[in-house]
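Shared between the two complexes below is subunit A, which has subunit B as its partner in the first and subunit C in the second.
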Partner chain A sequence: MADTATYDLIASQTLASAASSITFSSIAASWTDLRIVFNVTAVSTDNLYVRYNGDTASNYSITELWGDGASTGSLQTSNAAFLYITDKGSITTTPALYAFDIFSYAGSAYKTTLWNIANDRNGSGYSTSGVGLWRSTSAITSVNLYSPGGSNLAAGTTAYLYGIKAA
Partner chain B sequence: MPILGIIASQISGHLAPPSSFYSIATATGNNTSTIITFSSIPQTYKSLQIRMMGSAAYGSNGNTNIYCQFNSDSTAANYYNHFFFGAGSTTPASSVALSRLCNGPDTPVTTSTFGVGVIDFIDYTSTTKNKTTRAFTGYDFNGDGIGYVALSSQLWMNTSAITSISLVAGDANWSTGTTIALYGVK
Partner chain C sequence: MASKYTLISSQVLGSSAASVTFSSIPSTYKDLVLRISVRTNNAGDGDNTLLKINGLTSGYSYTNLFGDASTATSNNASSTTSWSIRVDGNTSTSNTFSTNEIYIPNYSGSTYKPASGISSMENNVANPVYTFASAYLLSNTAAISSFVLTPQVGTNFLTNSSFYLYGI
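Showing the complex of A and B:
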């Protein structure tokens, strides 16, 4: 078995001031999977959603599992206009880590994404694992993480886009 | 070099040198076999990772478990598995013990939808430790009650170095479009 180095940092961003969204666009079809890591601090608690290729149609759905120390739960959405990542958002004092794996993002099948959220708040907080479907056979060329309530992604929020290429 | 556009405030995009993450091999399904095996795995990494997009048996909506076997060991008593999962309106989280099971992507209902998963194998070359792996898997079919996301742990009670990994689809052949990639981390 020959091996080939991969897991390439494609791009990164750091917000110097609050913004409502972070977008990676013009993503080349050079890899097999994408991995995106966001380290988000909030201006105010808000939901966080994801869209691909700017698609605002009802082509998204998710299944999610979460725990907050006191309880656990699972939810699903269907025919949504975005990937419903969380309604628990981030807070102003501790960062939340969002890690997304987007499989075969340039392939011809529908696009499935796994994600984890880690957000401990020193006595509260939550952890979430989710899977989402974008019912499109188009290659993903842009990813948009956004806060629907406005400019709630605080300064210092970082985002890293990696590409992983299979042999 | 790919051209990448970045839309946001405050841009700092760049390319970086390759990391210590290596693509070793990729296998695909073709509707003829329930087993995909990576054999003669190099012993030159610290850990392994499998990234998979797969399905077995279109349209059944069944619960096709994905079994994970090492070094061709098919003895059920040598494996153990725990997992918890979310499935929307069904039991939010649970755990069960199952032998010889790597709980993985489940059966899709269309040829365009696949389950996905990431499985990590740590210290796979050790000859003194039993092997513990973890998996993060899921699928979603637009909220029709059969979406599933799971975090799981698997134990192989054997101290041999892992030289082969087989992923076994429980109910049917791996379908066309299934892609399973093996990576090594140095």
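Showing the complex of A and C:
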């Protein structure tokens, strides 16, 4: 049987020093879906924004559901210039896992992204699930994960970009 | 060689078992994914599966966001002795097993270990039906090399409970 991969590591980055963003570029249209596993420690409290193909127009919207151990909530933004991924508080002392699934990223329809954020901090923290829409028919060729507050992603932060092929 | 979503080990129970262990997990992957489908012998409609890592008895915490038939709720636990994963007990609808996935990135790194969990119990009745999104943290810097899973209330995992460990 051929050694056919269905789950490929396309690229990875580990920050040697604090930075404001991580970008994956020149993403080939060779897979069906993309998955980004982002293991981040923040220098200070901030949110995380995501842009595709460098698009700064108001083509993004999101809906999130979150729980903080005591209460729950949901928020929505529309016609934004980025996918607004809230971290719902500081993640300065422990790493948090952000996992993004980007479906049919090379297709000609609008692009849907699902994410889960695991941000437990031993007595506080959040569990968050979200969905985002990028209203573009272009194939996604680059993904920019960035902190709007500046050099906020700590050294040691890792990001892995995987490509998933249909079986 | 192509990279893969690789099955490291699996156990599908042919008879009841008090625990399931994955040991000697190699550090050759970037992430781990544990997928389980479980029913315990607890005389109730639900139970928890307790997950211990590397034999550690401290350093665990988690935050849950979950919904039942009507309400969204969140709770958390700090400084616990294991992670807790919601599963089916023995009075839930016959032949139903929970569906659970735990994703652990950078499991062989030297930082604390966050993980995400997705769990569901759907039994075609009003109670119990749950879907969970969980944030886990292990406040320990050692590489992960073993898992031990046990029922919290029940004494055994029932036949056909399944446990799959993947490396990415």
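Going forward, the second predicted complex is superposed on the first by the 158 of 167 C-alpha atoms of A that agree within 3 Å, B and C clash if a C-alpha of one lies under 4 Å from a C-alpha of the other, contacts with A are read in each partner's own complex, and residues count from 1 in each chain.
What we mean here is this: a residue touches a chain if its C-beta (ideal position, glycine included) is under 8 Å from a C-beta of that chain, and two chains touch if they have at least 3 such contacts.
Note that the structure is predicted; figures quoted are calculated from it, not measured.
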**Study point:** subunit C versus subunit B on the shared subunit A, clash or fit after superposition
**Key:** clash
Practice item. Kindly classify A:L9 by the partners it touches after superposition: subunit B alone (first), subunit C alone (second), both, or neither? Key: both
Check your understanding: First (subunit B), second (subunit C), both or neither: which does A:A28 touch?
Key -> first
Exercise for review: Check the residue A:Q76 against both partner chains and state whether it touches subunit B (first), subunit C (second), both, or neither.
Suggested key: first
Study note, to complete from the structure: Partner touching more residues of subunit A, subunit B vs subunit C, is chain B
Check your understanding: In the superposed arrangement, which partner chain does A:S129 touch: subunit B (first), subunit C (second), both, or neither?
Key -> both
Check your understanding: Which partner does A:T112 contact after superposing on A: first (subunit B), second (subunit C), both, neither?
Key -> first
Exercise for review: Name the contact category of A:G67: first (subunit B only), second (subunit C only), both, or neither.
Suggested key: both
Check your understanding: Looking at 24-32, 60-68, 150-158 or 168-176, which bit of subunit B clashes with subunit C?
Key -> 150-158
Check your understanding: Overlap of the subunit B and subunit C footprints on subunit A, residue-wise?
Key -> 3-9, 12, 65-67, 72, 116, 129
Point to revise | subunit A-facing residues of subunit B, complex | key: 2-16, 18-26, 38, 40-42, 51, 53, 84-93, 110-118, 136-145, 147-151, 177, 179, 181, 183-184
Point to revise | subunit C-touching residues of subunit A, taken from the complex the two chains share | key: 3-9, 12, 37, 39, 41, 65-72, 94-97, 99, 116-129, 156, 158, 160, 162
Check your understanding: What part of subunit C is in contact with subunit A in the complex they form?
Key -> 1-5, 30-31, 61-66, 72-76, 78-79, 103, 105-106, 109, 111-118, 133-137, 139, 168
Check your understanding: Which positions of subunit A touch subunit B when the two form their complex?
Key -> 1, 3-17, 19, 21-28, 30, 32-33, 61-67, 72-79, 101, 103-104, 108-110, 112-114, 116, 129-133, 135, 137, 142, 159, 161, 164-167
